[in-house]
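You will see chain A twice below: alongside chain B first, and alongside chain C after that.
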Partner chain A sequence: MSALPAEPRRAGLLARFRQDAFWYRQRGAVLSFAVLAAMLVLVAAVVPGTFYSATNLSNLAGQLAPLFLVSLGQTFVLLGAGFDLSVGAVISLSSAILTLDLADPVKIPLAFAAAATVGLVNGWGCVHLRVHPIIMTLATSSIVQGLALILLPTPGGVAPGLLVHLASGTFMGLPAGFYWIVAGTAAAIWLVHGTTYGVGLYATGQNPQAAWMSGIEAPRIRILTYVISSLMAALAGAYLTGRLASGDPNVGSALGLDSVLGAALGGTLLSGGVGGPIGTIAGVLIIGVLNNGLNLAGVSPYYQFVVKGSMLVLAVSLFRRKEAGL
Partner chain B sequence: MKRVLTALPPALWGLAAVCVFAAFTQPQFLSLPFLMILLRQAAPLGIVALGQTFVVANRSLDLSVGATIAFVNLIVAHAMWNGYPPAVVIAIALSAGLVIGLVNGVLVTVLRASAVVVTLGTAAIVTGIGFLYSGGAPGNAMPELIKWLGRGRIGMVPVSGLVWAAFGVVAFVLLRRLTLGRYIFAAGDNPSAATYSGIPVNTTLLISHVLSGLFAASGGLLLSGLVGVGSLNLGADYILSSIAAVILGGAVFGGGAGGAIGTMLGTALLVMVLNLLTVFGVDQPGKLIVQGLVIAVAAVIYQQGRRGG
Partner chain C sequence: MQRGCVKDVMAATAPLIEVESLSKSFGAVRALQDMALAGYAGKVHAVMGENGAGKSTLMKLLSGVFRPDTGSIRLRGAEMAFHHPRDAQKAGISTIFQEFSLLPNLSVAENLFLGRERQDGRRLGVAEIRRRTREALAALDLRIDPDRRVGSLSVGHQQMVEIAKGVLADASVFIFDEPTAALASHEVETLFALIRRLAGNGKVIFYISHRLSEIFAICDDITIMKDGRFVRTVATAETDVDEVIQGMVGRPIEELFEPRAETLGPVLLKAESLVGEAAPKPLSIEIRAGEIVGIAGLEGQGQQELMRLIAGFAPARAGALTLADRRIEGLSARRRMAAGIGFVPENRKDDGLFLSLDIGANMATAEIARRRLLGWVPGMGARIAEIMRQLAVKAPNARTPVVDLSGGNQQKVVLGRWLMAGARVLLCEEPTRGVDVGAKREIYRQLRNFAGQGRGVLVTSRELPELIGLCDRLLVIRNGELVAETMAREATEDDLLRSALPAAESEAA
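Up next is the complex of A and B:
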């Protein structure tokens, strides 16, 4: 796991910290958690009672679950030096499929199979046809959004009973959304930090050629990141469909770019190989606390645009990269 | 010969195919009056896409063009400018675009933040400022000059079409006749190699973003004139369409085929395909699918040609 060039060993805690491959990749996450902590203190000072009330926190978990799932999926793609703009459309497509006039045991697997297909097409186009990820996923997102609108022209339809049951109410005093978040996050952290797939993913994201020459199946790993991202998007779509108890062909449109935001605010670089799902937890929570805090503080939605945009620019500016551009 | 073929923008073949297809199925589609209507409709998108060309050829992206268009629209429709000469209003609108582009450029180059995220952030800020400025109620006090630019005609030719052509010439000169263009394509094709060759990569990227902001504001002026009133979310669909036009034109991340002419052909192809679909009664979902397929096919063909040649 020692990905860093061997530096002469220096004494001191900071030097050792810098030489550790894990912390090198998670340095953005450390910053993100610091920002998050500062925000939580600020919120406690401005709207103490309302923010930390059980109702508000439970609402927040319910609202943030879909963003958590897609941002975690997006994290995989970004780690593999890719980019997935199609997740918003995949969420909408799965919502449309899940409210089709079909039996539940048919349409639930169908929604996930459709998402996996979109992921495979994205990965195949980016890796084997060498189309730039932004262009490839822009094209598929347009196609998938069109399909979603054909299957479900207007919001409506009936959600599968199982999903309604799983996405609403509370279990052991905690809201359903909380369990979706924990399950998604645990799965993502295990995949990245607990399997050989994760080791290969970091190597591929840092340098696909070097990874390939080291015997890592870089193309397969990169294609799989798009499949994981699409499946996470379908999961977010399933949660949203269950929570609303009906379908909406535009339900994912805002989440596509927000997912990049969640991952980027968590310290995952868009150039690949640096960051990870742990940071994404902080990134998504920053977005959630910011939205929620501004609403509770009664800030006009017009100012919220300005504040959110400035926060975003500020946060991303903190993570300097080697090259300017995309 | 193969080099010549792959050096041509993908949009040229698409446009030829669409024209042949239209000639056999809907001949009236190619009549001069109808083409002039298409030209007037395509001009605002065409100018925005020309601006996007600089950025995309420079291996960057400008997702704030939609917000810039909306902001320009709110400025020129605001009652506050009643009584000012139209030239002043236009100058203010264009400076707004210039400032947005400059902010994008500085953040992308000096802070080296990701262009995708930066331009999304500035888009949110600009949208918020626009809402605050208009108080959520867009005005409809638009100078007649801007309306004339957007919908007027000289003889049969729409004024906006002429403006598009003028911007096309400017973009062509900047990209293909000046050193700036060479720098943009070199930096877009391989930023590290360009840096080592002594090309001022950061300044080039900064200028590209400023140009994109300026062109987006100009396209916004034409679109405002065409619509004739203030509207809160004008231009939202121009973000993806402008990128699509650049891809069809071939100027993808320093790819040598594209440029001003490629992007103009790309815009023409996009607008023709979408209007042809309307003629055939295909509605919005079908158009989205076709637009996506067109982008994907163009990108794949272009990429294969590049690898082979």
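Up next is the complex of A and C:
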């Protein structure tokens, strides 16, 4: 009985991204961090003093926290080969619920329970009713946005004191938003890279049938991605409500598509199974630095939409699945 | 393991696993009817039957992928009801699936422990998983980095990882579904040693394979299935190859096929050193009028690339392609079709048919494509009816949606399309895939008729007996090269396999 020849060992750094499973799934993140670094150097050259001022960076953290949270949530859905367009509406709904005329211990859990329900409905529709994720979440998005407007027709209401406290000011010299970002990111990274749920998620996103045959509860995993995404959206809504100290039924509308942008720019494939929250950090920071840099350089915000859209096309074509896989 | 082993030996007189009157239907198709099977500890038990005989359905019922309609599965006397593959795994049934169930984006270690991470409710550490992966791989003489991404491994090594994954489970029943299809001969030896070791430890092994030599080399008992039913179980020592084949086919194999061509016409299609992007090695083929030529080979050796290069879906880079004295290598796929090349793709439902359209529309597409936009085709309806009658398509009329037809009738519709378009050479990938035995015979007859009208057919198939019975001449493809040629009447499965298998030392990649 002769021993088989060993598989050729990896040679060189590039081969590592092809052969090593972890690095293969994170290859987009590496590129995104490189782009981010280049941008940070660029803004240092164009708007040196203003960008790296403490005030600006602190503002940036405050502005980016909601996008961080929803993009991280969206990353889960994309990893599971899904798509969640409803996160913007969920943010708005949670803002509306959090400013209802109810006691804080009632409305805070209520906002998260409502978000979890939306996630369950999304997941159930996509997985069990086999509705296409875009259609399913577009539909729930419309319903949820409607509910938000019914509960809170115009901006206003009183935010829970706890959230106002948690979402504003500084702690140990760092802005509150920074802690929300760190907490959300740490939770997402732990779920994806530190639990069996994460391995199951990569497996399910690649091939739900093969995952199922390997004993993975693929349907449950996919439904959970939508629940996580909705809960992250509710968290973003809670942050925004606290920061504004009042509710706004349209506060999330811009964040829905931006969450996809943040995840996609971070190297998470829309076809599932490749990418992850580490890359999303870079993806969101790229959007943030870009917006902020263009603002500081005095470029009209309308151009930012054009730039963001172009970047999405660029990222998706750059990070497309290179191999058909197995 | 030690304790389980003793228990297994003590129970050796009663079957460890027993299947009784198991049935499963998919829609109107009865995939399995009243199946019986008994596995004894320490025995390697072959399950044989033609493609579509129900072997895979049976194994998927045993492994919890499907749920039976009726009947029972008993393990150590206890009735089992599997709702999920994991239920079967927990009960001690481990399956090495024929289609890879590996995830290409995960590492070897992640794949091996997928769905099995939780033992005693605790999560295994990364170091523990790596260590146990190395052990499982070592048992198969494999030296692969546990962190290596599965999608970057060679097909042979992926299959070995698949086997390692199945063996890793502390199971009492192991199901091997065509495990050697992608393996080189020395890998097969390693696998056999492993199977003998498992049997020696009192495990039940179900072994599914088309390769008779393997069955007779390693199995103690053989259960034969046909058309979803149990035929018989025999001890390997008390039977021979002819008897097994007879049981599988239900009749001597010759009766399935039409007589071969007696005389051949001039060369119809000639490829000379044809090279394409996906087929970098020059390919030369001749097909004569009246001839059916078969391409044999292991899976993924370039059959598809060859067919698609001739059909014109991939541009030729060099070489010449001649159809009845007309050079066509520079033509697009559409113009080659107009010139007389018909293509029947392997994946009928995705590439070959418009399922929601009716029979008439599906048959007319190639003819319509041959004509100018908005071209008027007189008498189309009558011709469709004529071809349906000729091919004996079982449907009330031409307006029946194709989605309602059986696999065999769908295949006839694809054939009808090219009859209608007047194709002179038909390229046919896997003509009888997913088709029952009766329809197979009909398709063989139609292909022979087609060739008999002075046309040519080029066929690829995974099933060697089909190629030998159907074709006049066979070519063997290996790693993108045509490596052997033989007249079908002189061909044997063993010889074809030997040419098709990679030489032992060339498998390093």
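The definition used in the following text is that the second predicted complex is superposed on the first by the 299 of 326 C-alpha atoms of A that agree within 3 Å, B and C clash if a C-alpha of one lies under 4 Å from a C-alpha of the other, contacts with A are read in each partner's own complex, and residues count from 1 in each chain.
Criterion: contacts are C-beta pairs under 8 Å (C-beta built on N, C-alpha and C of every residue); 3 or more make two chains touch, one makes a residue touch a chain.
No experiment lies behind these values; they were computed from the predicted model shown.
K.L.:
Mind working out whether A:140 is in touch with chain B, chain C, both or neither, as first, second, both or neither?
P.N.:
Touch status of A:140: first partner only.
K.L.:
Have a look at where A:49 lands relative to chain B and chain C in the superposition and call it first, second, both or neither.
P.N.:
It touches nothing on chain B or chain C.
K.L.:
Taking the superposition as given, does A:298 touch the first partner, chain B, the second, chain C, both, or neither?
P.N.:
neither
K.L.:
Does chain A have more residues touched by chain B or by chain C?
P.N.:
So, of the two partners, B touches more residues of chain A.
K.L.:
Would you check which partner chain A:274 touches, where first means chain B only, second means chain C only, and both and neither mean what they say?
P.N.:
second
K.L.:
On the A-aligned overlay, A:169 touches which partner chain: chain B = first, chain C = second, or both, or neither?
P.N.:
After superposing on A, A:169 lies clear of both chain B and chain C.
K.L.:
In the superposed arrangement, which partner chain does A:215 touch: chain B (first), chain C (second), both, or neither?
P.N.:
It touches chain C, and chain B stays clear.
K.L.:
Pick one for A:207: touches chain B only (first), chain C only (second), both, or neither.
P.N.:
A:207: touches chain C, not chain B.
K.L.:
What part of chain A is shared between its chain B contacts and its chain C contacts?
P.N.:
Touching chain B and chain C on chain A: residues 323, 325-326.
K.L.:
Please output the residues of chain C touching chain A within their complex, sorted ascending.
P.N.:
Interface residues on the chain C side: 63, 65, 84-86, 89, 97, 100-108, 110-111, 113-118, 123, 141-145, 147-154, 157-158, 160, 165, 186-187, 189-190, 193, 507-509.
K.L.:
Where on chain A does chain C make contact in their complex?
P.N.:
Interface residues on chain A, with respect to chain C: 1-10, 18-22, 24-25, 195-196, 199-200, 202-203, 205-207, 210-217, 273-274, 323, 325-326.
K.L.:
So in the complex, the part of chain B that touches chain A is made up of which residues?
P.N.:
Touching chain A: residues 58-61, 107-109, 111-118, 120-129, 131-132, 136, 191-192, 201-202, 205, 240, 243-244, 247, 252-253, 284-293, 295-296, 299-300, 303-304, 307 of chain B.
K.L.:
Which residues of chain A touch chain B in the complex?
P.N.:
Within the complex, chain A contacts chain B at residues 83, 125, 129-132, 134-136, 138-150, 153, 257, 260-261, 264, 270, 301-310, 312-313, 316-317, 319-326.
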